[in-house]
Amino acid sequence: MNCETQNKKPDVCEPLEKVGVKNLRTLVKVGSKDNIYKFVPRIEITVDLPAEKKGAHMSRLIESISEIAQQETFERHDTFEILERNILDQLEKRHPYTRGEINIDTELVVNKKTPVTKKPTHETHDIGVKLVKDHGKFRKTLKVKVLGNTVCPHAMQNTGKPHIQRAIAEIEIECDYNNKISLEQIINVAEKSFSSEVYTLLKTEDENSVVERMYANPRFVEDVTRAILKGCSRFKGCKIKARTTAQESIHRHDVIAEGFICT
Amino acid sequence: MNCETQNKKPDVCEPLEKVGVKNLRTLVKVGSKDNIYKFVPRIEITVDLPAEKKGAHMSRLIESISEIAQQETFERHDTFEILERNILDQLEKRHPYTRGEINIDTELVVNKKTPVTKKPTHETHDIGVKLVKDHGKFRKTLKVKVLGNTVCPHAMQNTGKPHIQRAIAEIEIECDYNNKISLEQIINVAEKSFSSEVYTLLKTEDENSVVERMYANPRFVEDVTRAILKGCSRFKGCKIKARTTAQESIHRHDVIAEGFICT
Amino acid sequence: MNCETQNKKPDVCEPLEKVGVKNLRTLVKVGSKDNIYKFVPRIEITVDLPAEKKGAHMSRLIESISEIAQQETFERHDTFEILERNILDQLEKRHPYTRGEINIDTELVVNKKTPVTKKPTHETHDIGVKLVKDHGKFRKTLKVKVLGNTVCPHAMQNTGKPHIQRAIAEIEIECDYNNKISLEQIINVAEKSFSSEVYTLLKTEDENSVVERMYANPRFVEDVTRAILKGCSRFKGCKIKARTTAQESIHRHDVIAEGFICT
Amino acid sequence: MNCETQNKKPDVCEPLEKVGVKNLRTLVKVGSKDNIYKFVPRIEITVDLPAEKKGAHMSRLIESISEIAQQETFERHDTFEILERNILDQLEKRHPYTRGEINIDTELVVNKKTPVTKKPTHETHDIGVKLVKDHGKFRKTLKVKVLGNTVCPHAMQNTGKPHIQRAIAEIEIECDYNNKISLEQIINVAEKSFSSEVYTLLKTEDENSVVERMYANPRFVEDVTRAILKGCSRFKGCKIKARTTAQESIHRHDVIAEGFICT
C-alpha cells in the first residue's frame, strides 16, 4: 500500500504561501462551442500549504487543469479568466486550499490592416492572465507585453536627427474578477502610447506613413509610460503598473521608466 | 546651444517611481586596496521622476557609476552595498532624487574542498545586491541563487527508489543597510537545506559520499524551502523570501515551493 | 515616387548566403480541410542575395508567408514541410532567389496514457522543421527536443544509489523532402532512449512504475545518445545528429554527449 | 573497490564526436605575472569517445581546467587560446583523446573615449574563443558579438526620415592557432561597419555627434555584413562568418544578413 507522505508532519512546521507546478505546457481550449481556440500556454498553478502538512499533492493540480482545459463538453470558457476560475474551483474539490493561484502565459494574435495600403496583417503579443482565489474571493491580473518604438525628443530638438529604437511596454492591471477590461483594450492603449505603433507587414507607402508619424511624435520612455498610465486611467477600480524599456540604438544598455496608479 | 529637453513640462504630469538604465555591463572594482576584485556585473540604476519633469538625465546615472566603480584611488568598497551606497551618494550630487535604487547582479565564486578526497573546487553562484535610498534612508536586499538537489521522500518510502533532480534555491533578504549578513552566509543556508549540496569537482569517492548523503536525506521542495526559512531565522530584522524549484526528473514541468518570514 | 533602394549596387559587392526575417511570430494553419490546426510559431525565412544587389525586399518574404499560411481556401498543408514548400514556391514568384530557406519552430502536443492507471496525459515537445530550396531542389531538416532522464550507472554499480537527473535529447535529421519520417517517430526514438520516458501526469502507481523502470535501466548521456543513433538508423538516406544534455543533480554544470551518423 | 564503469563495453558500439561538460562556470586567470585578469566564464570542454568505451571520465575534464586555469605559479597564459592549449595538453595526459575541444565564453571590456567630450567610457562585448586539438593539430575560432545600429537607407531616400534601430553583429573567425588576430581587432571591424558605433556614456555633445554620423551613413543589415566581410578580408588564412541582426524599430520581428568568406 502506498503511503501519503505528503500528509505527514514536516520537520519544520512553517506555512508556505505557494506550492505547486511551474513551466507546465499543455493543450488548452478557450472559446464558445462554435469557435474553439486551442493553444499551448505555459502554466503555473499553486496552493498554500498549512504548517503541519509536509507536501502538496502535485498530481491533483495537473489533473484539475486537464479535466477542465481539455474537455470538449464542459461549460464553455469564453475568456482566460473563466477558464482559470473553473480550474481553481475544480482544484478546490480535489485539493483543499485557502489561497489558490493560476497563471497562464501565452500569445495573442490581433488582426490589423496596414496603415496606407490596407493589407491584412497579424500582430502577435505576449500576454498573461493570473487569477487568485483567496478565502473564496477571486482577483485577477491582466498582463500584456507590446512592442513599439521611441523617437528621442532631446536629439530631435537639438539636431532634428533623433535616434530611434524598438521599445517594449509591459502593463499589469490587477482588478476584480468581474471587471470587463479586455486584453485587446490594454494592448491598444500600449500601441497608442509609443512614438508609433509597429506592424509585421509594411509596404513602402505604409513604411513612409509610419516614419512620418514617428518623427511627428518624439517620446522618451518616460513619455510612453505616462501616456500608458493616462490611457489606462479609464479602467476603474484597478491597480495599474506600466514599464517601458527602450533598446537604445546609441547605447549598449536599455533605458526604462516605470510608474503605478490606482484608479 | 543644446536645450535640456528633460527639464521641460511633460504632456502628462504624473510622477514616475523608477526611471533609469538597465542591462548596463561595465567594469566594477570591489575590495580593499591590497585585494581588489574586478568584475563585469549587470547593473540597473533608477531615480524617481517628479510629475512636472519630462525626463531623467540618463548620462548622469552612467557617470555616477563610472566615477565610483572604476576609480583606483577612491575610498575602498569592501562590499557590494558600500559600493552601491557610494554610487547613490554620488548620483544625488549630480541628479537630485527622492528615491534612488541600484541593483548589481553578478556571480560569486566560493572556494571549497571536495567532501572525501579534499581536493580544491570552486563553486559559482548567481548573486545580486540591491540598495534603495529613500528620503535619505538606505535599505538593502541580498539575493542568492544556489543549485542543489531533491530526493523524493514519497518515492523513497513507497519503493526505496526515489527520483532525484537538480533543484534551485532562490533567497531574498531585505534588511537595514547596516545589517551584517554576508552573501556567503546565505549561500551556506541554501546549500545545507537541500538533500545534498553539490560540487563542481567530484572524484568517485566524493561522489559516493554525496549520493549516500542524498539517500539519507530525502526532501520535497517544500522541505527545502522550510529548511531555508528556519536556517535564515537567525538573521534578525529581515524580510526573508525563499523559493525552491525542482527540475523534476520524472516530469517535463518544474515544481516549486515559496515561503516568507519576517524576523 | 518611391525609389527601390534595394536594387541599387552596394558599396561592397559580395554575395550573401542568407538575408531575411527572424523571430517572426504569426498565425499559421496546418492540416486538411476538416482538421485544421492553428498555431503561432517562430519563423525565420531567408534568401541569398547576389553581389550586385544592395538589399532584399523584406516585405515580400512576409507576404509570402501570410498569403500561404493564413488562407482558408488554398491547397491544404498536411505537414510543416508542405506548408514550407508552398511558402518557398510563393516567395520565388515574388522575390527571385537561388537558395531560399524557411525554418518554423513550435511545439507539438502528443496524447499518451499514464503507464499504470492509464489516465490521458498531454506531452508537449519543442520541434522545428527547416526547408531549403537550392537551385530548385528541396531538402529538409526535422528537429525535436525531448525531455527524459538519466540514472548514473557508475553510482548504481558502486553504491546501488544512483544520482538521477532530467536530461534533454536534441535530434536533427536532414533528408530529402520526400522522406516520410514523422516528427512523432523521432520523438518516440528519443523517449525510448532515456533511462525512462517522463510524463506530465503521474499518479502514485504510475510514478512507482516509472522509478522502477529508471532503476532497471541506468544510462550515461553517452548511452542515451548512442541509443538514439541506433534507434534512428532505420531512417534511411539521412544525416542524423543527436545530442543529450543531463542537468546533473550532483553538479552545477551539465554533461553532454553528441554523435553523428549517415544512413 | 570502485569499478570504472566508464571503461566497460557499451550496449551500442558507436563512436561519439563530443562527450564532456557544458555550462561550467569557474574562476579563470589570464595574463602575465604582473597583470593577471581573473574572470568567471562559461566553459564547454569535450573529448571524442571511441566505439568500445562506455563513458568519458568527466571529473578529469574538470580537473584539467582547475589545474591550469586557477594556478598562480604556472607558465603564464597571455591569451585565451594559450590558456585553452594548456588545458587541452593537460587533459591529454589525464584522459587520452583523438579530438579534444574547449570553448570559453565571457565578456571583454574595452576602454574608449566619448567622441567629443573625450570622457573615459568602458564598452563591454560578449566574446568566445574555441580551440580544437585534432590528431595533435590545433585550430581556433574567435567569436565576438558587438552592438551598434542601422539607419534605413530606403526610408532615408524616400522621406529623409529613416527608421533606426539597435543592431547586433556576430563574427566568427576560424584560423590556425598561431594566427595573430586579436579579439579587439575583430571588435573594431564590427564597430566600424555599423551606421555608427555606440557608447555606454554619451554627453549631449557626444550624442549629437553620434546621430550626425548615423544620418550621414545609412545602412541595411546587408551593408553592415558586407562591410564586416570586407573589413575582415585583411585577416589572411581564415574562414570568416558574419551575421548582422537588426531589432527593427518599425516591426516586431528582426531582420538578418549572413555571409561567409575564406581569405
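Letters A, B, C and D mark the chains in the order given here, with residues in each chain numbered from 1 onward.
Simple rule for what comes next: contacts are C-beta pairs under 8 Å (C-beta built on N, C-alpha and C of every residue); 3 or more make two chains touch, one makes a residue touch a chain.
What you see is a predicted model; the values in this text were computed from it and never measured.
Of the chain pairs B-C, B-D or A-B, the one whose interface repeats that of C-D, sharing more than half of its contact pairs by residue number, is A-B. Chain pair with the larger contact count among A-D and A-C is A-D, by C-beta pairs in contact.
Annotation: 35 Å between the Cα-based centres of chain A and chain D.
Chain C has its Cα centroid 27 Å from the Cα centroid of chain A.
Across the assembly, chain B contributes 2, 24-25, 124, 154, 158, 200, 202, 204, 208, 252-253 as residues in contact with two or more other chains. Listed in rising order, the residues of chain D touching chain B in the complex are 2, 24-27, 37-40, 59, 62-63, 66, 70, 107, 109, 119-122, 124, 200-205, 208. The touching residues of chain C, when paired with chain D in their complex, are 2-3, 5-6, 10-12, 14-25, 44, 46, 49, 54-56, 58, 153-154, 157-158, 220-223, 225-227, 229-230, 245, 252-261.
Chain B makes touch with chain C in their complex at residues 123-124, 147, 149, 154-155, 158-159, 161-166, 196, 198-200, 202, 204, 207-208, 210-212, 214-215, 247-253.
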